[in-house]
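Both complexes shown next keep chain A, but they swap its partner, so chain B is in the first and chain C is in the second.
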Partner chain A sequence: MTAVITDPPDTTASTTRRELMTGVLQRQGAAIALVLVVAVAWFSFPRFGSLDNLRDLALQSSFLAVIALGMTFVIITGGIDLSVGSVYALGGVLAAYGSQYGFLVALALPLAVCGLIGFVNGVLVARTKMAPFIVTLASLLFARGLLLAITDEGSNTYRVPADSAFIELGRGTIGGFGYPVFIAAVLCVIGGIVLRRTRFGQSVFATGGAEQSALLMGLPVARTKITVYTMSGVLSGLAGALTAAYLQSGVTVIGVGTELDAISVVVIGGTLLTGGAGTVLGTVIGVGLRNVIQNIINQIGTLDSNYQSVVSGAFLLVVVILQRSLARTKPRR
Partner chain B sequence: MRALDGVSFTVRPGEVHALVGENGAGKSTLIKVLTGVHRPDSGEVRLRGEVVSFDRPVRAQEAGISTIYQEVNLVPLISVAANVFLGREPRTRFGLVDWARMNRDAKELLSGYGIETDVKRPLGTLSVGAQQMVALVRAVSTDADVVIMDEPTSSLEPREVETLFSVVERLHEKGIAVVYVSHRMDELYRICDQVTVLRDGKMVHTGPLNDLSRIELVAMMLGRSVSDIREHGATAFGEDHNAGKEPLLSAENLSSGVRLNDVSLSIRPGEVVGLAGLLGSGRTETARAIVGALPLDGGTVLVGGKALKAGDVGAAMRAGINMLAEDRKAEGIIPNLSVRENIVLAALPQLSRFGVISREKQDRIVDTFVKRLRIKVSNPDQLVSELSGGNQQKVLLARWLCTKPKVLLLDEPTRGIDVGAKAEVQALIDELAQEGLAVLLISSEMEELLDGADRLVVLKDGAVVGELSGDDLTQDKVLAAIAGEAP
Partner chain C sequence: MSATTLAPAGFDRARAARWLQEYGVYVAVVALLLFNVFFTANFLTLGNFRTQLVQAAPVCIVALGMALVIGTEGVDLSVGAVMALAASFIPLYLGAGPIPAILIALVVGLVAGTFNGFLVAHLGIQPIVATLALLVGGRGLALVIAEGQLVQLHDKTFLELGDGDLAGIPISVWIAGLLSVVMALLVGRTTFGRRLVAIGGNRTASGLAGLPVKSVLVGVYAICGLLAAVAGVLATARLGASDPADIGLLMELSAITAVVVGGTALTGGRVRIVGTVFGVILMQLVRATLIKHNLPDSTAQMVQAAIIIIAVYVARERSTR
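Moving on to the complex of A and B:
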């Protein structure tokens, strides 16, 4: 072999630096922002650093983190799951309903039903080539409708029996931190390993990065899609079950708009909305950032809590703009 | 129209088999049938003598048929190593992907084929040529018995082509069958031993390549006689045109940042002016400046003696200037529309009255141009994306022609289209000039410029470095001008 091909020196130093800067901002932007926000909060509000507040913050974050974990996989495949908010609420109601039959039913019922909804989403997206947006919008309505039907339009709230072992799942603590925090942490670690260190994970990236290529390379594209939507359904159902255990009842009004929260924290965490790139750690950071900002606004007290959405919205916009410029520098000829 | 009609094709172990034909002859369809992307309506595929049926591409790969497509079919956002091993990643005892080993193996594998690169980089940051080499390495590292290469050299640099040839040589020695699709005669004669020629979906010849002379091969592809080609040459340009007197289009002192520096040129009606120069010398930029699509620091464009408003594409079009862009996929063809809709798009204002489009006029125009440009289409409502590259180019040409332009700017009009369609497009350019159009022709192919243009303007670093016409139109003179020696 005589010919040697080396990296093309066809980019000037300035564009490389710009790409690098954009890349760093896009991937690490959320982490940098989180550190800054935490530092500001730590020094400005004495109560922020208190163990009580941190425990509360972690617990509040854990439910969204579980939902966003599933969303991360879906978005990396180039899809979107709008049904998670409704499915989350449905999961809570089903868990509360099931808890009268014991711990196992309380957990298994929401996971099975929500998993099935996710599975159907996946099959429709993968096999019929319908847009994920439309498919999951339909199941958003379906899940919300089902929830209203089994609760007499929300008037009938199922309560978890006070002596049920299921309550422990939501309210039990280790070192003051609730079980949901540890459950979310373990799931995110497993999720990170699955995404980065398994063939399935590679197939998730390839499906979102270049679906046609993935097909031609013989990857199981349809199976990958079905799996991620099923995961998203199961995880949303689990988040609902944990919430029900924590609140000791199946609250019907939760989960409205949660899908948008989940999508925004995933994207803020550096996952490309167009698919093909993303990390679980980024998503966890995105969840943290959102909830720390909310916590600060609560600490200020005089600010309307709706400003939290204003701040997340503005930050999301910045991230998406950065992603666009990154996507533009991506293919080179 | 059938894409493939009763074609039989055989390739033996260790054979390098050329598959040739014009665009639209059925080569791609044949490959897709062999690799499980399409299924044949009738007929069968046999591998090692056994009838096989692939319902998906992965089945063909598992059976030992690997394919390198013309356009890189890898995942740009993930790393080079991940691309090489996608779907067959090495794993640790725990079933997890072994990144350390994967990166090491990928590096070894790639350097074995002469490619030195950081395998952890996202694939998309490599040049297209290097990406194509990664695709090649991936394809041949899967222990395939048959490797199909669909125009693998179209995005490679000369030295990368050499690497590719040595890979093909190695495959040949290992007894692997190679199916090689290319339009480049030099390549075919250098590495292939057998050839199969397709035309209009039918097999017209198969046999040893060395039994055929180049001219016989081209004649077979085109369906023309050898003597006909000898007489008229491989390019289809005719004699010089009787150019009119006054320039129809003149561009004066066009400047734009570092890209264009004081470029002036003029074209008379009936004249074809070629723009020569290396890649990045400002050829496309000049054309874009003329139509007003490039912001100018200075300079004017005159049509029939009247200055155009700078930076206004609409004004340029109303004055009769039309540009056929280089990248027809990105800048011209609208794949989801039919041939009819693509053709009449630019002429809609002339075809409509009070905003209502006359279907009758549309049909007439579409019909005229499909016939005149010999566009191969089953009916005008066929999607343009189903046509071959050459025919897509003709559709674009038709789109501009039906607005009755005075000036045509053609940027690489024959790029990526095969010998036959190329000759037809070239002949068309000739005809159009004879009808009195002023044509600016940009091409990277010296032969096309020398044969096609009446006059050549040579660009270098965004400036005019020479102008050649008549007997000065030789390759040596052009190269001398580019090299900076006085012509």
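Moving on to the complex of A and C:
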């Protein structure tokens, strides 16, 4: 099972210390970086460790974590989903629109529509063998177009009625931490278990690792792909709904470039874009790392907020180069 | 497999698909032109053609570079960010005159492209991730350089690039046309072009055959960066201001769309320069047609999505390798 994730463990005796170290770095690199960054921030900025800041950090991370969870599954199958940013925004608008008809509609409408978009992505990728990159690029445009169509070309922002129970979903707290944090945490735990401990999770790995072999073994490759893209759509829609509940309105301009954020945190978390390897925990760490760095840049205050993307880009690069040079032992495809 | 089982009818279908793949984009452009001639008011005016061409020029220049990259089985997501980077350097050096400013901007693009190429060719990083890093970081860097500001430009000679004419045709259109010809020659008539296509077709075999795979790849990404910088300079001149926050936003998507619609498969091994130029024109015409018939932006985007899917679906039928 784990052989898919790491190199064949047939060298138990001859494993050198160096190989062990590179293995640790490769798998735990992001975690080590996160610990270092948090430690630095904790001692340098007194406000970083404050409960308020941590709550804020967790809340900000929760929306991206939900999106990145779906993206992790998609990338492990060897695909990519560029539509998540648009679908996220669409989900928010649909939730805000639906909230006037009650809590259930506010939640069900975005999940259904966004899930349908994901399903269509999956069918196109799995059944017609079109490149995931292009299919989801098209649905990026489509979802954004649909969003504009239902908001009078972006001029109409639906507001969640002030007395709606739906607001509680985004604003309610347990011990100071917002509901979205707990929702994201529960989903990630479930996602991690599904990925590692279920038949479906194994066929996700197999599909991304060696599609031909997976097919020959009789695994439901097409169904697996359709499922992961549908999941990605549903989760992006859910993230949008949570955001709408938190902001109490369906903001039309969010989500531009979110797909890139999601992809970079997944990659930083150690999931290979070539597919076949990755963990949910890594993705969560990737999300944490991204937002802690952003938080630090905000704490410094004098620093131009544009440094955020510079740092993110540089960081992504370092991680990928490290992954690449550490994985040299693996034969190229 | 399925073609053989489907017997004669299947054969015809495959041939039709191949024909559509080869000439579909030209047919679509002609059809759309005819539609507009008959059903759109004020379509056959010089002013309209001028506007359409000026709007298409930067996309066309970027798409040319993208076509080369896609021909090597890669993709360059950073083109929009490179445009912004190039644009952000222009006001810094415009004091020394327009030529140095433009040269610096082009060098920035070249360096950015070479950097991408180095990551892809020498470090073996997947093109999507390698160029994603620059997409994420590049625009931020451009904004840092410009201190987050839009900078108005007043140099007359430089602005001439944006709204000047040469023999009645806008300068930017001249540049786009010229570059298209140069790229067509580069792909069709030079060793570099042959090597590029060979590498896109089968990288391992090309390497075994002794082709300088790495330097060709670096060259391709460098050209793509350079062309993006050219587009950045032209877009800046047209706007009359350096605006790193907005310039080239989502350009990577427009360029990839144009290339794909133009019939270049994402699997590499083939570069269609003329097809790409027509792909740009087609997407521009679609947008213009929708706008002129008062269809809102939302519909325009959904129609674009449908066109991309159809184009790729048709292209897919051909891939029998």
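Please note the rule applied: the second predicted complex is superposed on the first by the 304 of 333 C-alpha atoms of A that agree within 3 Å, B and C clash if a C-alpha of one lies under 4 Å from a C-alpha of the other, contacts with A are read in each partner's own complex, and residues count from 1 in each chain.
The working rule: contacts are C-beta pairs under 8 Å (C-beta built on N, C-alpha and C of every residue); 3 or more make two chains touch, one makes a residue touch a chain.
Since the model is a prediction, treat every value here as computed from it, not as a measurement.
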Which of chain B and chain C A:321 touches, first, second, both or neither: second
Partner chain in contact with A:144 - chain B first, chain C second, else both or neither: second
Contacts on chain A seen with chain B and repeated with chain C across the two complexes: 332
Chain A - residues contacting chain B, complex: 1-8, 10, 193, 196-199, 201-203, 205-206, 209-210, 212-220, 272, 276-277, 330-333
Interface residues, chain B side, partner chain A - complex: 37, 56-58, 61-62, 67, 69, 72-78, 82, 86-87, 89, 91, 95-97, 99, 112-118, 121, 124-130, 133, 138, 159-160, 162-163, 166
Contact footprint of chain C on chain A as seen in their complex: 80, 124, 128-131, 133-135, 137-142, 144-149, 153, 260, 263-264, 267, 273-274, 304, 306-314, 316-317, 320-321, 324-325, 332
Chain A contact footprint on chain C (complex, rising order): 75, 119, 123-126, 128-130, 132-141, 143-144, 147-148, 253, 256-257, 260, 266, 296-302, 304-306, 308-309, 312-313, 316
